[in-house]
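Two complexes follow with chain A in common, the first pairing it with chain B and the second with chain C.
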Partner chain A sequence: MTQVEAAPKAIEREELLTGCEAVAQAVMLADVDVIAAYPIRPYTEVMDAVSKLIADGKFFAEYIIAEGEHSQFEIVKHASSVGARVFAGSSGTGWMYAMEALAVTASDRLPVVAMVGNRALDDPGAFGVEHNDALTVRDLGWLLVWVATAQEALDTALISYRVAEDQSVMFPLAIALDGGFLTHSQHIVKIPSAAQVRRFLPPYALGKRRLHPDNPISIAPQVNEDWVMEIRKQNAEATKKVPAVVDKAYKEFEEVFQRSVGDPWLEEYMMEDAELAIVGMGTLAITAKAAIKRMRKQGVKVGLVRQKWYRPYPTERVRKALSGVRAVAVVDRDFSYGSPFYGGVLYNEIRSALYSLSSRPIITNFIAGLGGREISIAEIMKMLELTEKAKREDNRDQVMWMGVRE
Partner chain B sequence: MTSEITFEKIKGIHNAPREEFYSSGHRTCEGCESAMVMRMFSKASGPRTIALGTTGCMYVANTAYMTTPWVVPWMHTQLGAGGSAALGTSAGLRALMKKGKIAKEKINTIAFCGDLGGADMGLSAISSALQMDYDLLIILYDNESAANTDIQATGMTTWGAQTTFTPTGTVKKIMQTRWKKNVAGMLAAGHPNVKYIATAIASFPPLDLLNKVRKALAAGGPTFIHTLDPCPKGWDYHPRYSDKLGELAARSGIFPLYEIENGVVKMTYRPPQPKVPVKEYLEKQGRFAHFGAEDFAYVQSQVDVMWNEWEIPGIIPMKSGALR
Partner chain C sequence: MAADLGIMSEADDIEIKNLEVNYRGIFQKTLARKICKTIVYAAKHEGKTGFSYGRYSDAPERNGIPCKYFAVVANTTEEDLEAEAGGKVEPDYVDVSIVADDTMVKGVEPWGFSGIRPINEKVALGGTLLVVSERSPLELVDFVEKKTFPYKIAVLPGKHSFSGLWVYKDDFTDVRLLGALAKISPGIVTFDSLKKTVAEKMGADRIAPLREGYESVVVKSIAPGEGITWPYVMPVLPKWNEFEEGIVVKAVSRGGRNEDFKRFTTRTMRPVIRFDTCIKCDLCWYSCPDECFDQTADGLFDVNYNYCVGCGRCAEVCPVPNTVVMVDELRFQDNGSPYAKYKEDKEAYVKWAEEKKGKTRVNYPFVTGTGLITDEVAEGDRSRVGH
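Right, the complex of A and B next:
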């Protein structure tokens, strides 16, 4: 009789880490096999941290400094196809330079995990956060999740490997961190033990799709109109299987690590009795909570809905969260020139999600904080006031750019 | 199955392996020399091989869904990603072997790309792959055009050739005014860690390509082979002359055959002296049908310069004084 191994105690150490460093810890704990790096601010600090962990012998991975983002993502795509767990990342135009590789990684159903340090697209040059970079892959099969703290970044990175590599999922996944505000701000982070992570995260197994001389398959042939519809439909169906895998992963994360990671899809703050809701992604939530506290003191029933997982889109959860409020302020840290109502990306997704409800809230859109500009508490309070006003005036399709110098 | 592979030199055509790893199921044109490159490299490398093919005619013509000719595992990669596909595959295999997740053995990682993928768009990734210490071979199968998109000029198309992007016209006779890039030489000159670089022609000299592939694989580390592949569709000649045109490319000296092993250059074929006039090679191809005497003379003069004024034809010009 072998002795049954006792479940490791939930011993986590605490360290002061930036968002990038927290993701690097997760990459080490996941025992990633192949990493491809290329420098671009602000994501790049994750590779600084990963390379130091390798140099210090904390873990082993084939660590390749690519000659461009296109190669970076082709390298990890191919490493993934032979059965290696991989990590890469980028920001802004770097992510755009990789776009061709990003598209095929998703259609090849290879579970590459990447970190995006959200950054404004050139031109003009700006290092700061804008969500347009990561959003460019939203239609391609990439799973997308936005996080708000370094702790959430570490936890979500571990969960990402579990979700992406699940046999019923097999999609690439990008964890988005607001450039500067999260990539480079320090938080106290609980770091799980390697033993705990092994319990949570099974080894990556490609099964019969693994490219190896023992399994001589041909991957990604020319199919033309004969088969493209069928293959696209298969991928579309597969995205529907993701939510259940995500829910299960979060539940088991809490069991293994013995701490709460919250709802996977939405963080709801003071929404129980809210009549007015502000919706956004990423670090905006921290400022928004401060604004909500002040407005609650003034007697305004306001709450926050922070969207975490963005692909697949949690339509039902969003409907449930927002169907009871009278008005919604959607804050887009992105732009979508020429889109319906000239609004942001998140705004139009939320409008679409709520369309078939019999009772719909008024939705106003605020384009704010582009290129890394700070969104202040006062500005958020102003947005909520304007939304309240829109409700009073029954002004249904308002889109406003906030904090723009005239 | 795990095995130690020996990459013995093949002496005599009867001793070439009989097994085919690039088999039926493709629909390449009659007389396609690029298909011969596929057949020969896989014959030389054997079953413990992963083949990676960039977008190009050897993707579209070879791997129509459900009719793959590849007996060895094969995967598509993007046009500019031959180098990165080889890197990622080789790095993935090495990581998994080091961590004991798969059996330790020699697995040949071979990426092949056409002239756009190998000499134009994909050059940067190949340069990067040749800088690192991963075990991989990249084959540039050069049929001198974008052969899959109806024959467009590339950086590798012979000067003066007609293609759909470089037609001959009433005002401009010559639209392809670029001289072919010397990719093998360029890569050899700038990548000190590369283990083996060679140029080859599938049909000539016999067994040369097979043995160069074997040498590359035996060398281990980053290696590169550039083949010149006559293309009946793109070069406009009867498919029965593919092998002959390959031979003429070597005998006229327009495509020098050499290898560089750990930095040591060796001409693997010396054209007869005097060389066969390049006109004999060009005039058999419809893409040069518009050439006048001055055009043949110009190409001949460039070939002569390459052989007479370069220390090693197409690699180090004498004028550089590099070897003095």
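Right, the complex of A and C next:
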């Protein structure tokens, strides 16, 4: 992007919006061209909100109701390849049903932006949050970011288009919102003006890769073993360029919109002198702040690290944030049956990130809040106490389930 | 929960006010959401912060099932409020519990595994249960579980509102309830801030009904022990290793009924049956979507009120006038077999049934901007009649 123009005084309005409605506002402000939709709760809320904005004449987009999630994501993939800015999304098993399309979209380097309303994977039938759905694309080239407030959902959605469509990135991107707790909870949100957004977000340009009769190209032919390694290597190298683009996008967001959006990768809360840290993603980290305030009053030096971006993984940032503490409690709102130590996904990623440090904290893991179960302030305090105990006892590989009936 | 309440009070000087709206699923969802949204906007006018949310686990809302929506207001920053009160399925306690349909005072059961819970379950010490009803607080307390501490029951005179169906049938219940709220609990939102918000977001013509709600609400203090001993046992859910693997649950046997989910708290009206005029045509038995009717030995059709959701289909299909009539649920105390009563004393039963039918509850197809039903409005004053 060229030099950012000097921003006039921000003209924003405030409205009470659900997390999904906040994302819908961003979709409108980003002037998305093609939207494909197929209902599944909690994602449905954003589909409703976007269609209402279109029906109310607030913006125009091709809005296509697919006959299933697989087609839904095929539609936006193809629309993206002809130069349309797109939006789609899903939840739980709907996201799984789209999996083939999701995999090829990443390989084809098409910057589809999607919202995942995190939902428990059926069976059993449940609408509440679990992070397993979005996590299924973590190895495919999808960029993944978890947000925790409605404001962050709107801001991150705008940033997502900027990052995904950057010429050096061109990966699909999923913004994950905790089902129920964020997708369906209404908060006062600052909505920027369309003029501000235009200054921040350049038009989508595919360049030589745009599929058009005047630009004869063929995307993704059969190649076999003669090509696959090189294609994978190309994509792997491209993911390494993402962090710099993310950093720049957040910085310019703050310049254009004249308000702070915090560190892109991690939110650190009371970490300056923390000896004990709790790490998690999404809304559970918000509740953790209340627990930390209570424990600080008791003289316990605790802090929170909320991980926002998950792909690419902010390895260095996580190492920096956690290398100084004595013990870490990782809260996983996911499960990974049969994984190392039978722990969660985030737990094993963090352990891997910290492995080569000469001085490593004790890391305990808590599987909690599955299927939308509430994680209480008292439970977070309990997790931190158990982690402190693990440190005292030098118990290094402890995985516990919190809030389960036993 | 009590432990959580204790922790809550340790939070600096943050004063958090919780409010819930008990509403009939789907029918009153827009109404409940509108009330909670307006509270958050009004709190903002006062320099407070707030947010609102629905009880997500109520989804998928089935028609008429008891559901909840919440508003949270506090004198603190958004970050602190969300840390203290965000990420919750529902609040641990509420300062005010609004009941948008008075038949819910008989108990609410959103799911079989939640149990039939008292309507005032979440009302805190000194809090208020605010019911839209044509009955007095004293009449309502006879349905409500007794509490160990004092609280209040307030009544906003009015009929159950359908101003929340897909088409917004406007009867001003939203602003009337908000006016009543400002009267009973100005600590959540004041009348002045509501007035500003309503004028700004809904239009100046809603100020009069807002004031009317403020002025017409009736409040009664309820002493500890006042109310009934709750007759329902709450289910105890099994531990993780106490049930079948593979998500296998025991199903209802052929011809049986689900003992664990009776669903009658969905009901706002029940069919009262005149067995003496019944022609045994079996249309009620055949049409009932919940299979609530059982044929008796003498060819009549008894109804099992435990499973009746009050849909009114039986009354609709019954070919004999006044034989199946839908009657306000609050006119009944139990779910016993009407046929058994009829067999016991036919004359007494018929007399009893006719008395019950005297004061019926009707879902009016048309409502007006003043909250009055159309036949109560003068001919020339139908400009605001909704459809």
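Assume the second predicted complex is superposed on the first by the 398 of 406 C-alpha atoms of A that agree within 3 Å, B and C clash if a C-alpha of one lies under 4 Å from a C-alpha of the other, contacts with A are read in each partner's own complex, and residues count from 1 in each chain.
Methods note: a residue touches a chain if its C-beta (ideal position, glycine included) is under 8 Å from a C-beta of that chain, and two chains touch if they have at least 3 such contacts.
Computed from a prediction, not measured in an experiment: that's the story for all the values here.
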Open item on the list: For the combined arrangement obtained by superposing on chain A, do chain B and chain C clash, or do they fit?
Closed with: fit
Open item on the list: Which partner chains sit in contact with A:His184 here, chain B, chain C, both or neither? Use first/second/both/neither.
Closed with: second
- [ ] With the two complexes superposed on chain A, say which partner A:Leu16 touches: chain B (first), chain C (second), both, or neither.
- [x] second
Open item on the list: I'd like to know which partner A:Ala236 touches here: chain B for first, chain C for second, both or neither.
Closed with: neither
Open item on the list: Nearest 10 degrees is fine: what angle do the Cα centroids of chain B and chain C make about that of chain A?
Closed with: 90
Open item on the list: Tell me the contact category for A:Pro124 with respect to chain B and chain C: first, second, both or neither.
Closed with: second
- [ ] Return first, second, both or neither, reflecting whether A:Ala195 touches chain B, chain C, both chains, or no partner chain.
- [x] neither
Open item on the list: So in the superposed three-chain picture, is A:Ala378 touching just chain B, just chain C, both, or none of them (first/second/both/neither)?
Closed with: second
TODO: Return the chain, chain B or chain C, that is in touch with more residues of chain A.
DONE: B
Open item on the list: Once chain A of both complexes is superposed, is A:Thr283 in touch with chain B (first), chain C (second), both, or neither?
Closed with: second
TODO: Once the structures are superposed on A, label A:Ala244 by its partner contacts, choosing first (chain B), second (chain C), both or neither.
DONE: neither
Task: Nearest Cα pair across chain B and chain C, whole Å - done: 26
TODO: Show which residues of chain A lie in contact with chain C when the two form their complex.
DONE: 16, 41-42, 123-124, 127-128, 149, 179-181, 184-188, 283-284, 286-290, 293-294, 297, 372-378, 404-406
- [ ] Would you mind writing out the residues of chain C in touch with chain A in their complex?
- [x] 3-4, 7, 10-12, 36-37, 40-41, 44, 49-54, 56-57, 59-60, 78-80, 82-84, 86-89, 237-241, 247
Open item on the list: With touch defined as at the start, can you tell me which chain A residues reach chain B in the complex?
Closed with: 31, 33-34, 36, 60-62, 64, 66-68, 70-72, 74-84, 86, 100-101, 104, 203, 211-224, 226-227
TODO: Could you please specify the touching residues of chain B with respect to chain A in the complex?
DONE: 1, 47-50, 52, 59-60, 63-66, 68, 70-78, 80-81, 83-89, 91-96, 98-99, 101-102, 107, 124-125, 127-128, 132
